[in-house]
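We call the chains A, B, C, D, E and F, going by the order they appear; numbering starts again at 1 in every chain.
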Amino acid sequence: MHVHAFIEEMERLAPPEFAEDFDAGKIGLIVEGRPEISRVCCALDATLHVVNQAVVASADMLVVHHTPLWTPVTAITGRIAGLMRALLSADMNLYVMHTNFDRAQQGVNDALAEFLSLKEMSPMSIGCVGSCTLSPDEISRRLGGNCRLWGEVKKIQRLALVAGSGFDPALLIEAKARGADTFLSAEMKHSVARSAPLTCIEATHYALEAPAMQRLSARMGWQYIDDPPLLQIIP
Amino acid sequence: MHVHAFIEEMERLAPPEFAEDFDAGKIGLIVEGRPEISRVCCALDATLHVVNQAVVASADMLVVHHTPLWTPVTAITGRIAGLMRALLSADMNLYVMHTNFDRAQQGVNDALAEFLSLKEMSPMSIGCVGSCTLSPDEISRRLGGNCRLWGEVKKIQRLALVAGSGFDPALLIEAKARGADTFLSAEMKHSVARSAPLTCIEATHYALEAPAMQRLSARMGWQYIDDPPLLQIIP
Amino acid sequence: MHVHAFIEEMERLAPPEFAEDFDAGKIGLIVEGRPEISRVCCALDATLHVVNQAVVASADMLVVHHTPLWTPVTAITGRIAGLMRALLSADMNLYVMHTNFDRAQQGVNDALAEFLSLKEMSPMSIGCVGSCTLSPDEISRRLGGNCRLWGEVKKIQRLALVAGSGFDPALLIEAKARGADTFLSAEMKHSVARSAPLTCIEATHYALEAPAMQRLSARMGWQYIDDPPLLQIIP
Amino acid sequence: MHVHAFIEEMERLAPPEFAEDFDAGKIGLIVEGRPEISRVCCALDATLHVVNQAVVASADMLVVHHTPLWTPVTAITGRIAGLMRALLSADMNLYVMHTNFDRAQQGVNDALAEFLSLKEMSPMSIGCVGSCTLSPDEISRRLGGNCRLWGEVKKIQRLALVAGSGFDPALLIEAKARGADTFLSAEMKHSVARSAPLTCIEATHYALEAPAMQRLSARMGWQYIDDPPLLQIIP
Amino acid sequence: MHVHAFIEEMERLAPPEFAEDFDAGKIGLIVEGRPEISRVCCALDATLHVVNQAVVASADMLVVHHTPLWTPVTAITGRIAGLMRALLSADMNLYVMHTNFDRAQQGVNDALAEFLSLKEMSPMSIGCVGSCTLSPDEISRRLGGNCRLWGEVKKIQRLALVAGSGFDPALLIEAKARGADTFLSAEMKHSVARSAPLTCIEATHYALEAPAMQRLSARMGWQYIDDPPLLQIIP
Amino acid sequence: MHVHAFIEEMERLAPPEFAEDFDAGKIGLIVEGRPEISRVCCALDATLHVVNQAVVASADMLVVHHTPLWTPVTAITGRIAGLMRALLSADMNLYVMHTNFDRAQQGVNDALAEFLSLKEMSPMSIGCVGSCTLSPDEISRRLGGNCRLWGEVKKIQRLALVAGSGFDPALLIEAKARGADTFLSAEMKHSVARSAPLTCIEATHYALEAPAMQRLSARMGWQYIDDPPLLQIIP
């Protein structure tokens, strides 16, 4: 398949016009390699480990959620030089789908909701609210464990979820207004926790977003390369 | 003591010119109450619980680290109205020392370093690096437990610490360049963890900053009001 | 009446979407007090005198034209602390209608035109032009006296008026283009007077805007609290 | 005298580096005419009447306080075209000294203080405070009458004055802190009057600044052209 | 013809709404002279030579492409004073049509295309592409000679042209995408030439834009005043 | 030699603090390759031709004047991808010295002045003025021919030169004030030529800046790779 055809297919899955303004120039084909695509790998982040695995797998294309070129650069040095050398020497393409995939059908938030068996979904401006039969413990277990719970523990009826870094005060208020009693996301801040109007469960960014990339890989016949950050709780 | 004399004393402890630019207008006397100060309470945050406790204690002055008026306001409604009503009805003053106290002698970072028994300190642009004889487990225990450790566990020799939200890529690089092998702060982000050049221990913002307010209270003969956020790990 | 119902009624009288952009966040419920509204006071400005009178009158709500929190604040001190203490201790609400009321039907400019018996009105981008049978002396008398007249005195046929601070060069040109021979407003500047294309009558800001608040109070059954600035001419 | 020598002399009287930043490019030689200067006229504003009088007087140079090109222009039309035609056709130079002259020795504020017989002067960031033996009535009379007095009338001991448009809240506070009981300036605004911490006397901009230009003309042997705005009180 | 009627006619020829945003305030009547227009001169630039020739021709109006007041001014000195003196003393009007004329029918780009006998035109976002039977040598000769050719010389089939300074990388890409093999404009930059995707012919700005003003003059019965910059090649 | 030692040597030749603010982040080590440097190539621009020649020469380091990453990027595609692939696959370093080298001793302007045998040099804010015994024809010949001369041809006594794109109105005025009669630079604009106060000779950007890179290469024992843009005059 030519890279142009591949891009068209990706844009059907995750239309660029769904993306937040801050993603302008940071999604789509981010590193241009060879034009013919037959083998595709997929991961959440374009780490050096992931790229090296994709090289071993002879991939022509690597699809990720997070661009390694978030801050615009005028120099290719250090960690970025290592990544770019690995990609360009192998003539591998790198394709990014970020907030456009968060919001896509079967995208990041949909995949997470399905992964947690939510029902009777209603959408939020980002993420969604759904009926939840899991306890906090079961949610944590499905997400690889080691979640943090902020506020009072209570039985969850309606769970709001925002994959990635979603503990925004306005989103918490929206979730509560839509009937949620608990809010699941990543990267809690002290000032947000202090005034949160509902109980919050904090998982890792990786645990919330990886399911979508795994499911996408399974659906498309790609190879998913798992690379979670090393993390443990010290009680 | 007149409030002007009290302010002078506070400015000796935490000189306003030590503050970051973003604190302009957000430190010092933030709510003006009665001019005569005899009883002082102290806390990390001006929560409604804290203010109510200070009212019960008949305080004339409440000293906190985090201003409740961070975002400039043109309306006093909701949570802010509740806080302001409690403070102004009681004619209580509210005094804030933030990044100026972070950097003060015996300030937030100094107090944390002492609390963790660091030795042979060398300063960073924010926070410091010191020799550490505690293990990650012991550090977590002193900080109330439930810390998260990102990266490989190893014996700590030189610990960098930044009280509050200090996981900034440039600070991590500075810490490593100054010989640190481990970095202690709060509010880790996925993108920072992904490229961190050293092992990171993530405590809560509260656990890192409360020791300084407690020690200040003890030193000054004030009443410290403890109000940590409710938090637990779901394994 | 619940405060929500009261706000809805106010928004019918002076729709928020009529307001200038610079009023964003500065109109509507500016200080939140008790939720039940039975007694309402009204004034042009929320001065301490006005608030104290409203407290004496046991008002639940004070409606004014000018917000006391024009400049966004991160501290409640000095004059603002006094005002907020008086309002919040009494659990009184403060509601502001500004440029949205200037432009409303029966709003500030309409009320002034009626007060000066203008006829055959045509609207300007702000304010209006109408046929006027009053002489400058009679206009001044109705407005409490002590007006200043800039330019040549002549019989008024068509009077342009802009309540508040409306001596803007572009408005003067618009007024003349719409057939006005005289322009009534407040707060003349030397540079504007120097190049004014028509005769200008300068009243006080208060005299031009108070009639609308008085009429609104009469219509709604509220208590109007008069508090003009102390002003006299030294001949 | 060559125009370069004339400019040097003016810059000694009113050094350009005394000017406020907003005067950048708006003081000094604003219209360039013939290089040889023998006859000089002076006025407060470069009105068409003033320029025509200067042409009648065969002036080579007109010195004024207020530039006619305050707003940068990309077209010479209307009132500006009339002024420029009159100046350029006569090959007359136009020289502006504005905030640099306000602050100069024997400049605008000094001249006003002397004109009102102030003694024991102390400078403010703009303007000054001095002991005053005149009553408000006498001040008004010296300034051509028709002043407005805001606040309570009381015997003046120490008068603050700022020629031009000086009713700035920060200046009022500074004046009071320096011991003033009354503040004299022009162009009062309602919001400033509402919270003024001392009595204010409002004269016209012209009356406050013309004395300095008249005295300068007398001192230099220039012809002063008087052109006050037409103004009268309607009682 | 009154100047208002003249302006209306000009606005039909080159509608102001066709202009680029950066032309706001810089097109239309730029210097206002006498209101009655009977004799009109036209040129590309309002140089002093051109204005003096227009005075000799007793013109009431001078129409040019480039305004002499590009940068907004707060002083009329030096070269601008000389120009304005010549215009205003003669009571001559100056009218500017710039990017609105570039884009007008029979405007600057149309006139150039016709001058070079282009056929089968298709428009670009600025300028156009057309079939060209001239060789680079013939193009240079028609444009007064001394063109510079960047890149490989080849037979021209489809020529893109942008009168004025049009060597913009995005325009070059657009031209190539529309089938052009050669791009004609003025004011090449090294960085653009380095990555140009097609051969570029660089003429002078004057040579590309003067034909439109000459044709307009011929059509309207005006006197065209030619004033090309002095330029020669040193081989 | 280690790349760190190489960078130190370069920074002695062209100190980074000499650079214009717009060069921030765009000079120094722009692409990071292998750490050991034994073979160095040098060119004016990092074109693909130049990089390929450097690869053929087995260079570890390529030193150029113009960075290929001028505009900050968030994607490596098209021409940039080709360049980066060639550099990174070969593990070659790319080092840029731009305005810091323009101003260095024996830098771009010095080298050009020496190349044209200027004497009795006096510096300008950028570039310099010197006595010149060459005629315009001889200057053109030394610079590879095909220069353009704007204005009147006259015998050159004092030549101002600014390598690169230096036809800035303020620089032209400075040059004349410093006694220059002719100004040599590249990339003339019509609006600048129209009001130039002295004769201008326009060479190509490449011809003015290449001598410095050639001389630097000769001095350092590097291999210079010549790659001038294709350019010819069509008479």
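Worth a mention:
We adopt the following convention: contacts are C-beta pairs under 8 Å (C-beta built on N, C-alpha and C of every residue); 3 or more make two chains touch, one makes a residue touch a chain.
None of these values were measured; they are calculated from a predicted model.
Under the contact definition stated at the top, no chain borders both chain C and chain F.
Taken over every residue number at the interface, the positions common to chain B and chain C amount to over half, indicating a same-residue contact. Ranked by how far their CA centres sit from the centre of chain E, the chains are topped by B. Here the spacing of chain A and chain E, counted between their Cα centres, is 53 Å.
Centre-to-centre spacing of chain A and chain D amounts to 65 Å, using the average Cα coordinate of each chain. Averaging C-alpha coordinates per chain places the centre of chain A 46 Å away from that of chain F. Of all residues in chain D, those touching 2 or more other chains are 70, listed in ascending order.
All chains form one closed ring of contacts, and listing them from chain A in the direction of chain B gives A, B, C, D, E, F. The part of chain C that touches chain B in the complex is made up of residues 25-26, 28-33, 67, 69-70, 72-78, 81, 84-85, 88-89, 91. In the complex of the two chains, the chain E residues touching chain F come out as 45, 47, 66, 70, 79, 136-137, 139-140, 145-153, 165, 186-191, 193-195, 201, 204-206, 229-235.
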